[in-house]
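Before I ask anything, let me first share the structure, which is written out below as structure tokens.
Chain nomenclature is as follows: A, B, C and D, assigned in order of appearance, with residue numbering initiated at 1 for each chain independently.
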Amino acid sequence: MEFRMADTAFVGATLIDGTGAPPVPDAAVVVRDGLIAWVGPARALDPEREVRRIDVAGKYVIPGLMDANVHLVLHSDPEILLRYEPGCYDDLVVEAAQVALRAGVTTVFDTWGPLEALRRVRDRIDAGEVVGSRIFFAGNIIGNDGPWSDDFSPGGYRGAFNPAVVDAINRHWEQGVGGDLAWMSADDVRHAVCDYIASRGIDFVKYASSAHSGFKFIVFSPDAQRAIVEEAHAVGLTAQACTLTPEALKIAMQAGVDLLQHGDSTGRHPMPKQTLELIVERQLPCVAFLKTERHVAALDANTEMPEHWRAAWVVKDRNGRELIKAGARLLLAADAGIFGPTVETSPRLGALFRDLPDVPLHLGAAHLLWLQAAIERELAPMDALLAATRNIAEAYGKADDLGTVEPGKRADLLVLNDDPLVDVQNYAHIVHVVKDGAVVDRSRLPERPILTSDR
Amino acid sequence: MEFRMADTAFVGATLIDGTGAPPVPDAAVVVRDGLIAWVGPARALDPEREVRRIDVAGKYVIPGLMDANVHLVLHSDPEILLRYEPGCYDDLVVEAAQVALRAGVTTVFDTWGPLEALRRVRDRIDAGEVVGSRIFFAGNIIGNDGPWSDDFSPGGYRGAFNPAVVDAINRHWEQGVGGDLAWMSADDVRHAVCDYIASRGIDFVKYASSAHSGFKFIVFSPDAQRAIVEEAHAVGLTAQACTLTPEALKIAMQAGVDLLQHGDSTGRHPMPKQTLELIVERQLPCVAFLKTERHVAALDANTEMPEHWRAAWVVKDRNGRELIKAGARLLLAADAGIFGPTVETSPRLGALFRDLPDVPLHLGAAHLLWLQAAIERELAPMDALLAATRNIAEAYGKADDLGTVEPGKRADLLVLNDDPLVDVQNYAHIVHVVKDGAVVDRSRLPERPILTSDR
Amino acid sequence: MEFRMADTAFVGATLIDGTGAPPVPDAAVVVRDGLIAWVGPARALDPEREVRRIDVAGKYVIPGLMDANVHLVLHSDPEILLRYEPGCYDDLVVEAAQVALRAGVTTVFDTWGPLEALRRVRDRIDAGEVVGSRIFFAGNIIGNDGPWSDDFSPGGYRGAFNPAVVDAINRHWEQGVGGDLAWMSADDVRHAVCDYIASRGIDFVKYASSAHSGFKFIVFSPDAQRAIVEEAHAVGLTAQACTLTPEALKIAMQAGVDLLQHGDSTGRHPMPKQTLELIVERQLPCVAFLKTERHVAALDANTEMPEHWRAAWVVKDRNGRELIKAGARLLLAADAGIFGPTVETSPRLGALFRDLPDVPLHLGAAHLLWLQAAIERELAPMDALLAATRNIAEAYGKADDLGTVEPGKRADLLVLNDDPLVDVQNYAHIVHVVKDGAVVDRSRLPERPILTSDR
Amino acid sequence: MEFRMADTAFVGATLIDGTGAPPVPDAAVVVRDGLIAWVGPARALDPEREVRRIDVAGKYVIPGLMDANVHLVLHSDPEILLRYEPGCYDDLVVEAAQVALRAGVTTVFDTWGPLEALRRVRDRIDAGEVVGSRIFFAGNIIGNDGPWSDDFSPGGYRGAFNPAVVDAINRHWEQGVGGDLAWMSADDVRHAVCDYIASRGIDFVKYASSAHSGFKFIVFSPDAQRAIVEEAHAVGLTAQACTLTPEALKIAMQAGVDLLQHGDSTGRHPMPKQTLELIVERQLPCVAFLKTERHVAALDANTEMPEHWRAAWVVKDRNGRELIKAGARLLLAADAGIFGPTVETSPRLGALFRDLPDVPLHLGAAHLLWLQAAIERELAPMDALLAATRNIAEAYGKADDLGTVEPGKRADLLVLNDDPLVDVQNYAHIVHVVKDGAVVDRSRLPERPILTSDR
């Protein structure tokens, strides 16, 4: 190939390219205009050419990591949602995207959040105006009401808050496809979803097969679920469902979803064998919220936790192990976000953070805990890496651009000091985070710490 | 025919036999051993025979009335459920059955209540040990938790009550087929329902297609709903579903239910045209909770009522009118029960009773308001009578024994002073209530007034 | 003296007569007509006389024990107050009085309860129609609302219960001298209290100097407190105040109360030195809720307990020690009552029972724990005995009849197997409980166990 | 006198100087260096002198109005306290002070608010850096906890909010003299109050004689109240108490308070005759929250209002009339503040605003409603004016500087177009507001509308 001045070559590392191919020692990756221009043996690079060389000899190059389910605005306690509402949460989204990027997560899929802020920040990052993880977002989980509705804050703010203020907050999330859709016929659901997809600039569709208030209930009939998936597919978007019970999961699969969002969550009863087999057989991409052994043990011992939460986690843990054993196509995700120092005393969230080790909800750390948990459950190291890269790109229909280190794709790379296939902790030994071909100045991120500030 | 000493003949009234046939003046109905032995012109009776004659010349004889949806124990406030729990509510059930009988409602279908009390009282009435309306009961609405769960008392008793006490109360209703079933796979639901039907002595099956907490949600998947209906049919029981949204209604119909329980309730949005047409075309028996014009107008003006309740009632009212206009096969029912004088100040129930005329929840009066509402909505007087008699018997599979005045059926009759087809108020002008061939001493009912006492 | 046939003599025991005098070995106590007729050396009894002799050689005779602050109906959870309201709680009062008597507590002072039930049962016990501890009662704590008001169930039943039902329950306690008095001028308080004393048949007056909702507040001004005490004294009743803060205690003392009810409770801050000295100097009878070391240590370690409760208990414990050290005139009491097996799961009461050793709230056991705690805090054994007998009788103005084993007093005796001055556990080694001269058949008590049944 | 260039003369108006003297037509008021330099007949001004003349012929000059009880930050709903907490509420205080000034209220006494913001804004206004009403403030009501404690938001935020956040908000108000003082001995209260007064820069002392949670209770014993008043007087500050019952009022008077804060509020029972007579006899300055007849009538008819609120208002209205009739020394005040448009839907505050005419809580309008109500209750027009000027200045010990138009005082004037003694509505016909000798540019106020913006 013809190298040019603007080219940068990462030279000398062992390349684990995310295709599942064995690692290639002493490789070179040339990037140009944000894309991967060439991949090959380092010795094939012509040292005379005026390519900018970055020496990574002895290091390891892998694709930039991805997270299949984050919430860039997840901390929805009043001191956050009220304080940052005038600025529409853009600052929080930026902060979170930068925290993720600093940790090597170059692409995140936000599956529930304040739509307008997410869209604005996504576009500013894509335009190079702001540095941060690449964002794809769903906006609302179709069929759920906002963060201060019964769906997410059961009873908590009724009576305490001005309903006019609560409504204003909720509208940032609901965007016309909230809980009212559950009252509708399948036809009416179809029309509402069609409008939503057409007008809001979302990247993929997520809907509630399971209810968020009353987890055990089903939100949409099979007809309505099919209508939603069809509307997404009609405009080339992938569709996914939030499912929490065996039957909600089954209905979603029958509706044709492209990705099972936390398919490992089946409530109080383990996933039926038949369902498990189907997931494996179809190699349906399946997010699993794997937790470390240490975390699971602590949950088990934690008496502060409501019993039904613990019951659900026991089942989820078992399902996760079964999915791995059976060879399901897993995706890394953890529902992670960013949180301030007061979260431990939050009435709603505190119990998830207090007195538990390896809390898997912190963006920037959650993916490492997931990878560790996967290895603990005997997922092969290469499969763990694929779950954090290629599998996610493919599941979201982004494999042409993302997920592997191959020519023509976005040049999102992670340069590690040590071999991540040997020890999963090595994913944290970051030498460089490269996004769109540029080395990120991680020391400056996040540029304006708000929640993650300790002040 | 050969008349015998034990025979009793009701002689001289106009007979409206509940088959839909035109009224027959100067008729005679002979009863023997609790059954209708003979029906014909009064003149065909041989006056010499030693039959006991009851002269009802100038009166009107109709079948005993039926109510397709009552709750003999409906007032579930603590001062009732705690006080009467040691006696397991039997006394309340008896009182309610006697209040109904006194008003001419000779058969009631209890669609949700404390199973053991209902079974005991049903059996005692059937055995002639206690006088009261004939009871058929469903026990629990499969998939719902008990009266002090979130399903029926949202949040109300959490924190206030000893959970051990709350659980004990709820178990009277739940009977092993409560809300936990919503977490299960369709197969597991089938097994739980099979056990329930086999062991509890119920008369018919009712299940939750719609959730009771979070009305808009679906409790059981189509597969699970089919399993429930199949289990009922397998042992010869009818099955019905509680539905509150268009999609929950549709799924229940597809599952093969025999009767639509309050099919007129479709939440915030009117019943889709297609669904309405299907109900009419199949002549699927459909309970509608018709309210009088006066009641509807007052609801509309009542600002104390939560807005979403009112919205649902506006839709329900509209659906009811459309069902009548289209010729659906309606059944009389009103969710009626008995209540004490303090119900108006009940935090949970008060708003349903205060400041509203024609409250349709009082057993003994509710059916009269339903009939009036039906006439106001231009249901033909004869069709209104069928909705309160034959239609119900047929829908519940009891037409061999009940619902019309025909030989071979139970001799449940209502003798009215004035023609109910001319003025619907005449249903209240009772001369005799006859059950199983015997004239009821209405002046003694209820024998032990508890809730209906004014003391 | 002249002995008679009806006389009974307890012969041969060591007598600890409750006057503070040293134990007298080989004594005899002769009772007649329910009174103590004669006390003297056993040898002085004429063995020829036809007195009925009960041989208690080697045993110990002490006065029947007293408790200065019990609540015969204390468990005010709905499953109790609603269930037993139709019977007005008489059965519960009887059960509690029998539980106390069985344990050797022959006299109890009920300082808050359902007045009419207490009066009826007191009178039936006094008339010999029912066996049980001798009851003296205050009825309401003047200035407090009933058990289901904010004063005793903060917020708990608001919204959950029918206000008409709540009011009916509360009236059993309030009796016209509830919280409304706090709104009144001192003159109006005086009139209300005067009416109450005159019409309800109470034995002594208790009023709220400290509020029960908002413990730190003062209910009655000094003028109003003086008025209440004066009204009590005017008809020969003693008066006591519920105090929980240093200032409320001081005002009550200035108002002239005869007895400090839990004078050891001063909230978050220890009792001021000056106040302590005054109590000692005046030898003002002072109830202290002493807890065992084991209980105090467990409280300290219990994280389930709200912090402010623990803070108050630490202070109370310190005050108790200081009062003992300084030589205050203590009275035994523990706020004891009876409770069913579900109390541990009670949302309101559970935390007081769960996971704590030596819970001092169970009538029949609480006084033993008090005595143990007193000894642990180095109260002299004889002073501990006086705190449970003579001191209480004197504080309540009953010393002419009760509190010591002296001729002319009621023959309330406790015959112990072992010396209670040597080991405080010996108070539990009961041989006989004698009340009004009769040996109680303890094996039959309580005659109708309700709460204390394990069924 | 010697006039100087910098002097300004308001010439030609009728002067009602606030001393109670009859109006003087055609007067002149000369101001210099922010003070009133000279007052006399307009004709006595030498027209040759180079004084700046402002022609107010035909107008009416009165002292700048005062309000004896405002809360510059009163709207304490979360959308306000959380949003503006980062700026410590200074902007809200400024806005409120400007709203008041625009309406001619040149001095306000803030009796409860966020201390640091009040101090900063007071000082900036005094320094001429910001325009606004002259502020004197008390900071906390000693003995009360903050706005989100049970004292002001009963139960409302418990469970809903992060306690760390709630505590941070409350500390802005509590300042070390919150509810914990109620647990203390009088001596300890004295020390805490002494520290508070010495360190916070407050202008006067206000304490809770009545509790704010549980209005009927007394917070501080007479000894503690005396200690608080003595500490205030020791450093030359006035002291006032919040009282809501007859006895709390009496104790405060006995403690020597300088001013009765809403002395017309005595809860459910009218003020005892003796207390009323004492207030009049001593001419103790007494704030009364007078409401217009129209408002009182609407309150009476408002069924949304809790019954006990209405009861208290009926009593308050009666007390107000009695105080006027008896000749008490009244002060104008209304607990006024500023509120945004959503206040009507506030769960806590809405009922005070919705569906009621003449809501007396809006700063800038409340004083006009008070004056109208006073006239309706037959307070003499001149006495009404004194209640809004001189009486307040004297009660707060500011009579040397404020309250009348007399030489040597601050030149705070209100120039009205029409005679306020003829028609009370004329207080709203403002020509000029003069503060510290300068004519205020009212059209610019408030400079940065936040709550009072309609956006």
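Here is the rule we use: a contact is a pair of C-beta atoms (placed from the backbone, for glycine too) under 8 Å apart; a residue touches a chain by one contact, two chains touch by 3 or more.
Remember, it's a predicted structure, so these values are computed and weren't measured experimentally.
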item	value
Per Cα centroids, the chain farthest from chain C	A
Chain B-chain C separation of Cα centroids, rounded to whole Å	55
Separation of mean Cα positions, chain D and chain C [Å, integer]	52
Separation of chain B from chain D, taking each centre as the mean of its C-alpha atoms, in whole Å	64
Chain contact topology (line, ring, star, complete or other)	ring
Each pair of chains that touches, named by its two labels	A-B, A-D, B-C, C-D
Parts of chain D lying in touch with chain A, wherever the complex brings them together	77-79, 82-83, 85-86, 156-157, 159-165, 342, 345-347
Contact footprint of chain B on chain A as seen in their complex	150, 155, 179-180, 182-188, 211, 213-214, 216-224, 245-248, 250-251, 267-269, 272, 275
